[in-house]
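Just below sit the structures, each encoded as structure tokens.
Across the two complexes that follow, chain A remains constant while its partner is chain B and subsequently chain C.
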Partner chain A sequence: MKAKTLSPEKDKKNINHIPMDASEKVAEIIAYVVLVLLALMAILPCLHVISKGISNGTAVAAGSVIFWPVGFQVEAINYVFTRTAFFTSLKNTLIITVVGTAIAMFTTVTTAYPLSRSDFKGRRFVTLLYVISMVFFGGIVPAYMVVKTIGILDTYWACILPFAIVQFNMFIVKNYFEGLPTEVEESASIDGANDIRTLWSIILPMSVPVLATVALLYAINYWNNYFHVMMYTSSASMKTLQLYLYDIINNSAAITESLYSTSFEGTNYAQNITTEGLNAAAVSMSLVPIIAAYPFVQRYMISGITVGSVKG
Partner chain B sequence: MKKLVSLLLIAVLALGMCAAASAELLGPGNVTLKRLSYTCPWDPNNDYMVPIMKEATGYDVDFYALPSNDADNKLMLEVGGGADYDIVTVNINQWRMLLAAGALMPITDLLNTYGQDILAGNTDEVWATLTQDGDIYGMPYMYPHSQEITSFLVCRKDLLNAAGITELPKTISGFYDMLVALKNFYGDQYIILTGPLVAASEGNDSWRIPKCITSAFGIYSDWMVEDGKVIYASESPKFVEMMNFFNKLYTEGLIDVDWAVNSESAVQEKFVSGKAIICCGSRALVNFTTAAMIDQLHISMDDLCYINPLYGDDGVCTYQESEAINQVSCVLRNAKHPEDAINWINTKVQNQLFINIGVEGVHFTYDEVGQISPINPIFANERGDSYYYIDATNAADYQFQWPSRIRKSAGQWHAFNATTITNPDLSIFVKNYFKFMPASEAYATNNTALYSSLQDLILQMMAGVKTEADLATFANDFANNDGEEVRAELQAYYDSLAK
Partner chain C sequence: MQVKKKAASAVPIRARKGAIHRFFVYFARHPLLYLMLIPGLFFLCVYKFWPLYGIQMAFRKYSLFAGNNPMDSIAKSQWVGWKNFNKLFNSSQFSLVVSNTLIINGMKILFLFPLPIICAILLNEIRRATVRKTLQTAIYVPYFFSWVMIFGIFYSLLGSYGPLNSAIVALGGERVRFFTDTKWFRWLLVFSEGWREIGYNTVIYMAAIAGVDQVLYEAAKVDGAGKWKQIWHVTLPGILPTIVLMLILKVGYILDTGFEQVLIFYNPTVYSVGDIIQTYVYRLGMGKMDYSQSTALGLFNSVVAFVLIVGANTVSRKTLHRSIW
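Right after this comes the complex of A and B.
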């Protein structure tokens, strides 16, 4: 019998390979099947909505669009882009999210750092104030009056400043700072660095994981904020994507009814802009920024689940 | 939260009343008005209607819109916070909230000075509704066609004809015979009758059973008046007979087996895809279904026909008039330019045809009988959004002008013409006695729950889950949910009308 020979490369690969027994293989297959099903559960609704947004209006009305477009058209998307406040809302949401996250990170870090230092006098009292404000919310009417009194109603600041620090996020960062070795700070101090230099050059570079995670939490908070933006803004030009989506979904029947018309010759105009098609087009277009950004922030979302859980 | 906001509102208004508004008309070009209205999916300041209104009135206006959700709280919060909108156009319940909170400016004198066309455009009965302690507090935008058949049945005439049915039924027994004939001919090939339409965009037709069928049993609303007494639909002498009829349709497979769970879009899909022969219809539904069916099923407009409200075998047919006031425009106490606000609205009423319908020969023509016929697509493209900017109308003129908005859609006009325009029997319409009733506590608190229970009972009796024997339990639940208190309020209001 001829001895079985393997190339050196294959030998190297097989050194650490432990063959699976039958039960492990079955478990792996089941795991894959479950994961595929879960993935489909996430993908198929999106496919359904996108397909409706670009399908022929009569096919949408007849319910014949499932996961693939029927009779491709872009009238509904064109309407969303040209006749609704989609781009204004997207711009507002991006400004609020980007500027808000930057401001929130600044306030969070500059609050968390002193509160994480044991030699900061009054640390317990200030921390207690944050805990109290985290547990008790004054309510929307007092909050509205504060926003009105400082004169920022119906501005970007009304959508940013009330959420410039989220206590929970601040405590995550504070706890992370407390876990850093004090020796590093001491050596920086010996080298002549003041507190600000220490924070900027030593602490922050060592805290990139928690900062990225908390920044992501802030960004999600700003992106998804509906209720407060709705209460603090009035102008159509200040509408964010969340408000826009609510409004277009609740008004799509009225929009389509006012658009739809027939010429004397029997040509139907705006036939492709149906209630469901319009909703689908607006929702699909709103998904694009999230889908585009997700691959870049995915790992921080995963680390966000565990960050701050080691030391509480 | 509403109570808290109301307290805030009163405090702010007390201060606001000290601040004087400009007491003279500044006129077009000298002022920018602020108008707040209901939710708007587009930017109301960037719509094609804005320059059209500017051309007609000369006024610059900044438009603001309430959100689609939480609009009441947002409105009260804004007004309580001292908002200085010159015009607020809201639904009648929101208007009542503002009035009760003391947020509105009396406008009788302003209307007499600057709003003669608005005053002349509406009846004394309507103005009385918007008057408190001798002062007018709002301007009405009336529902333009109160005697509209908002609920009807759309039928596939081609399938009816193939089954040997050439004449549409007018009575409830004729209707039943038609359904049986269709079932015998087609078997399970088609759903004979699909429905309901539970999300009708206008009117009060979100019933689980179509009102064009309940009409044959003398039932036209949840609250009705019989011999001067306010009764609930379930107390109507023919309620049980009606439910037995629907149960018969259900058990004999003459109506959609999914009736209880069908959404509006599901009903639409079944009809458009050709699975159903008859469908509960509304003006909003046929706007799309007719064109979609022509496209998908390759039928023509003539292959569709409509069943109007049915008569009972005793000749009875009752159908309630549509609600009367669509929107109310009012002026806030904090408004900076109330005179110009009224003047702007009055100028819009003077130019009602131009602003809302357009220019003859460009946007519309007059047909052989003198009705307005829109020219498409320019009518839809340049006047389609005009409805959003209406604050008040000359009601009589608008009743003539408004059907052109339906006529811009051939499918919608086909149904409207067959049901409302050519329906000769106006005697079927029952007045909605409670359309102008002021807000009352028990009604506001409990009627939604009562209505929901009634709709549940209707579905359960239709499916045979509940029977006549369960009506006593329903009556007990009705009483426990303060139904009698609601009835007392309605009865008191009805009695006050009789005086």
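Right after this comes the complex of A and C.
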């Protein structure tokens, strides 16, 4: 470390007509190398599955597909779309995500606003309740028994309501509200606006970035939820994208085996659909919605990460 | 003296009365604020606090049909005291899952914790903002993926006929069964966790670096410090509180992390190295229907995790004056 830190300084003394420090250049080169490698590591695996999903069956079976398609076919994707429960599970996931995020945002905002007001009486007590619920956890079985008792097992509600308020997200919104200037609120109350009006027409318009961020956090939570959906639902028609995908990955060998023995509607699926190719097609079709949404939402994600970690 | 004492005892009573009075005055003026709390408190009570009542299953011999509904059955099941815990602590599975949990999450901290710090420091050295943003955007793409999707991707890459194994065979090696080989399974967990989380954590440290006072860098430059010295003496001390906070959090949550990942990645052949407390809780409860045993193990986990998290928060508050909540 020391030897490394000394030599660039010597360089600097020798060639001090160069405005940029040599050590800065070295640091930047190392930064480029390491980070480009990391970025490739993040992206190439995605490219790999997508390529595999559309590559020629023989190439897939031979293991020659790496990061670029070899040959081309859409039979595997076609099979995923038409012969598996892809769209049913996508529909379930969409319903749970949209309805869940809407309910969660409503609950989060209505809870965060009173708790963010410094004059609110009972604020400490209610905040304490939320903190307690963050550190004490009843456990998997008691949570299951509650859902079973309420009678919402195997419905969309079981995948939505237990997560309708995430304490951490509520605290992010509360912290943001606390940072807003109070004068606006005071002038609104002088003007005779009630608390709901104040929240709706003054606080919320000022909080669009944090609301977008938290909505995104909720949406990702609902979209990616695997475990709870698996536990709280049982019928095939309730499967979400994550459950569907898990099933495909674990059963693709059996599926392709049955394909080899039968052919549908005169088409020889078996020629181009391999176990690996079918997996890859299903995985890449689940990647597509996320990659499509990514450019639009990633800005909010960054602020979500930093808000959550810095203010906690 | 006596007057003072009287006054001291009188004040709290009057203050308390005043507080209750003030509460009602406030409540009358802002009833809508209390109305707003209802939806959140409703979900909190039903889905967070009601399960806490169910914890007593750990001390009972739970029978699902003892009452009118599953929650009612709890109070009507036979009380057995610590029997479930004795059985649990004496089973060989218990020590296995506890040590697996600690080893897997310990490995993750040991090997993955420093990486995002290094990445953030390096990323900060890239001067062109567009390049920096592009790279940053690329490295945290995986954070958006669910564990099932990551499982699918890794299965495709590292499966017996995936490109990695093809490369190993081409180089004269033998196919490695990453998903079923007990020697490799933990590394698979560490690596896939790293793949998903490094970018995300890098963003956290980037935010911390952005908060370091630029004047310090100017001062260091005036003193003749090169880039490496600036990183060592300005950047690192500047983000040290964030580093310590993140480490404390990671250690505090050591029993609570990795559940969904392991649940999706593991299979019976790697239970000996991959089965962790929470996956075992799940299999005991939902697989074997041994609800009481499962709740007992879950409670053990919660109590230890609670102590760790509160301890971690105390350390964080004392040393960094920052609280997790």
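Here is the rule we use: the second predicted complex is superposed on the first by the 262 of 312 C-alpha atoms of A that agree within 3 Å, B and C clash if a C-alpha of one lies under 4 Å from a C-alpha of the other, contacts with A are read in each partner's own complex, and residues count from 1 in each chain.
The definition used in the following text is that a contact is a pair of C-beta atoms (placed from the backbone, for glycine too) under 8 Å apart; a residue touches a chain by one contact, two chains touch by 3 or more.
The shown structure was predicted, so the numbers you read here are calculated from the model rather than taken from an experiment.
K.L.:
Pick one for A:259: touches chain B only (first), chain C only (second), both, or neither.
P.N.:
first
K.L.:
Given the touch rule stated above, what does A:208 touch, chain B (first), chain C (second), both, or neither?
P.N.:
neither
K.L.:
Look at A:251 in the shared chain and tell me whether it touches chain B only, chain C only, both, or neither; answer first, second, both or neither.
P.N.:
After superposition on chain A, A:251 lies in contact with chain B alone.
K.L.:
Should A:237 be classified as contacting the first partner (chain B), the second (chain C), both, or neither?
P.N.:
It touches chain B, and chain C stays clear.
K.L.:
Considering only the touch criterion stated at the top, classify A:288 as touching first (chain B), second (chain C), both, or neither.
P.N.:
In the superposed model, A:288 contacts neither chain B nor chain C.
K.L.:
Give one of first, second, both or neither to describe whether A:276 is in contact with chain B, with chain C, with both, or with none.
P.N.:
So A:276 meets both chain B and chain C here.
K.L.:
Give one of first, second, both or neither to describe whether A:84 is in contact with chain B, with chain C, with both, or with none.
P.N.:
Only chain B is touched by A:84; chain C is not.
K.L.:
Can you tell me whether chain B or chain C touches more residues on chain A?
P.N.:
Ranking chain B and chain C by residues of chain A touched puts C first.
K.L.:
Kindly classify A:144 by the partners it touches after superposition: chain B alone (first), chain C alone (second), both, or neither?
P.N.:
The answer is both, since A:144 touches chain B and chain C.
K.L.:
Go through the superposed model and pick first if A:35 touches only chain B, second if only chain C, both, or neither.
P.N.:
Once the two structures are laid over each other on A, A:35 reaches chain C alone.
K.L.:
Which chain A residues lie in the overlap of the chain B contact set and the chain C contact set?
P.N.:
61, 63-64, 139-141, 144-145, 148, 227, 231, 243, 246, 249, 276
K.L.:
Would you tell me which residues of chain C are touching chain A in their complex?
P.N.:
The touching residues are 22-23, 26-27, 30, 32-34, 36-37, 39-41, 43-44, 46-55, 57, 69-72, 74, 118-119, 122-123, 125-127, 135-149, 151-157, 159, 161-163, 165-166, 195, 198-200, 203-204, 207-208, 221, 224, 226-229, 231-232, 242, 246, 259-260, 263-264, 278, 281-282, 285-286, 291, 294-295, 298-299, 302, 305-306, 309-310, 322-325.
K.L.:
Under the stated contact criterion, what part of chain A meets chain C in this complex?
P.N.:
1, 4-5, 8-9, 12, 21-24, 26-28, 30-32, 34-36, 38-39, 41-43, 45-46, 48-49, 52, 61, 63-66, 106-108, 110-111, 113-115, 117, 119-122, 126, 129-131, 133-146, 148-150, 161-162, 164-165, 170-171, 194-196, 199, 220, 223-227, 231, 242-243, 245-246, 249, 276, 279-280, 282-283, 286-287, 290-291, 294, 298, 301-302, 305-306, 309-310, 312
K.L.:
Within their complex, state which residues of chain B touch chain A.
P.N.:
It comes out as residues 1, 4-5, 8, 36, 39-46, 63-65, 67-70, 73-74, 77-78, 80-83, 201, 265-266, 268-270, 272-273, 284, 287-289, 291-292, 295-296, 374-377, 379-380, 384-385, 387, 408-412.
K.L.:
For the complex, give me every residue of chain A touching chain B.
P.N.:
Those residues of chain A that touch chain B are 56-59, 61-64, 83-85, 88, 139-141, 144-145, 148, 153, 227, 230-231, 234-237, 239, 243-244, 246-264, 266-271, 274-276.
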